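Structure first, commentary second.
Residue numbering begins at 1 within each chain, and the chains themselves are lettered A, B, C, D, E and F in the order written.
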């Protein structure tokens, strides 16, 4: 505890995720005073065509740029 | 706000998702009186062998039809 | 199918949620061509002190306004 | 109802998932006294490089073994 | 691993939940051959006015019965 | 993007959550090189009787200690 889910656009590298796991675990340890062994982190990678905001699908937004 | 997650069997096209993002965002704007720019939608695509109902895995249900 | 989760700040009335369920179900029926009886919607109500954005907890943002 | 999400490392076979759907549905029927037709189960398969625990990304843990 | 979320209408007692945790953990152990200490279960209790199906909010369905 | 959900036992104070939002947002900015304004964090507070691990409901574990 806690269990942390990070929903992000696909494309982040394992190294970036590794770095974030280290930093996030340290942040939780500091803020919530819990042991590092109790922090679980799950990444959920989202494709552009599975992400909608401002009434539009993100993959279509690229076309407009 | 709000953040909407749509968990659906894989196979919906980007066009169908784009259409739903438009309709859903308009629905939220009407019902919740929030600005379109505050509505975020995430699609989660599920394989048949990752979906169970009525005590059976959906991918096995096809065999029985 | 689909299963839809709407994460929103607490305070929306049952009437607003009822209205959104109607509109959302109709939107899914149109966009995904699925039967109304297959659409499930879950609301998750979030307190201001459980929502962080732009590096700040939302409940603290009010103080600054 | 209920709606059950099982987040697990990728690699479980359809047969294992089918077996778990049967057992889980029976367990819910026993414990919650609900009809089997009301139990929905979703599997979410996670890659090793999307799972962090104890301050480390799981895919890097293999290298240390 | 795995991490299991059970979304259910509020009202189940701690004893019912305790019984389901025991049965579910045993089911996962059998089906996925994982150690009991690796199974985590989270209950999410939903109010009737936060659950919509078949185009209607569940709390309004009671009125129609 | 990203959208981060933190599922934790209830009891953390708004100040602790505020501190974690600051640290987590900074961590994401560093690791993923994204702007602070794009990071959203949701806390989900869990009661002891809604959390099961090692085949037991957490609220019952206290009794055994």
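By our rule, a contact is a pair of C-beta atoms (placed from the backbone, for glycine too) under 8 Å apart; a residue touches a chain by one contact, two chains touch by 3 or more.
According to UniProt, the chain labels map to these proteins: A, B, C, D, E, F = Tautomerase.
Fair warning: this is a prediction, and the values are worked out from it, not measured in the lab.
Participant: Please report the minimal path length, in steps, between chain B and chain F on the chain touch graph.
Facilitator: 1
Participant: Touching both chain A and chain D: give me those chains, sorted by label.
Facilitator: B, E
Participant: If you match contact pairs by residue number, which of B-F, B-D or B-C shares over half of them with A-D?
Facilitator: Comparing each option in B-F, B-D or B-C with A-D, the repeat is B-D.
Participant: Quote the value, from 0 to 180 degrees and to the nearest 5, of the angle by which the CA atoms of chain B must be rotated to coincide with those of chain C.
Facilitator: 180
Participant: Centroid from C-alpha atoms only, then distance chain D to chain E, rounded to Å. What do you get?
Facilitator: 13
Participant: Give, as an integer number of Å, the spacing between the C-alpha centres of chain E and chain A.
Facilitator: Between these chains, centre-to-centre, one finds 25 Å.
Participant: Among all residues of chain B, which ones touch two or more of the remaining chains?
Facilitator: In chain B, residues 3, 7, 17, 20, 24, 26, 40, 42, 51 touch at least two other chains, as defined above.
Participant: Quick one: which chain pairs are touching?
Facilitator: A-B, A-D, A-E, A-F, B-C, B-D, B-F, C-D, C-E, C-F, D-E, E-F
Participant: Considering only the defined contacts, which chain F positions touch chain C in the complex?
Facilitator: 14, 17-18, 20-22, 24-26, 36-37, 39-45
Participant: Under the definition above, what is the set of chain E residues touching chain D in their complex?
Facilitator: Those in contact with chain D are residues 1-9, 12, 16-17, 19-20, 23-24, 26-28, 30-32, 51.
Participant: With touch defined as at the start, can you tell me which chain B residues reach chain D in the complex?
Facilitator: Residue positions touching the partner: 7, 46, 49-57, 59-60.
Participant: Flag every residue of chain C that touches chain D in the complex, lowest number first.
Facilitator: 3, 40, 42
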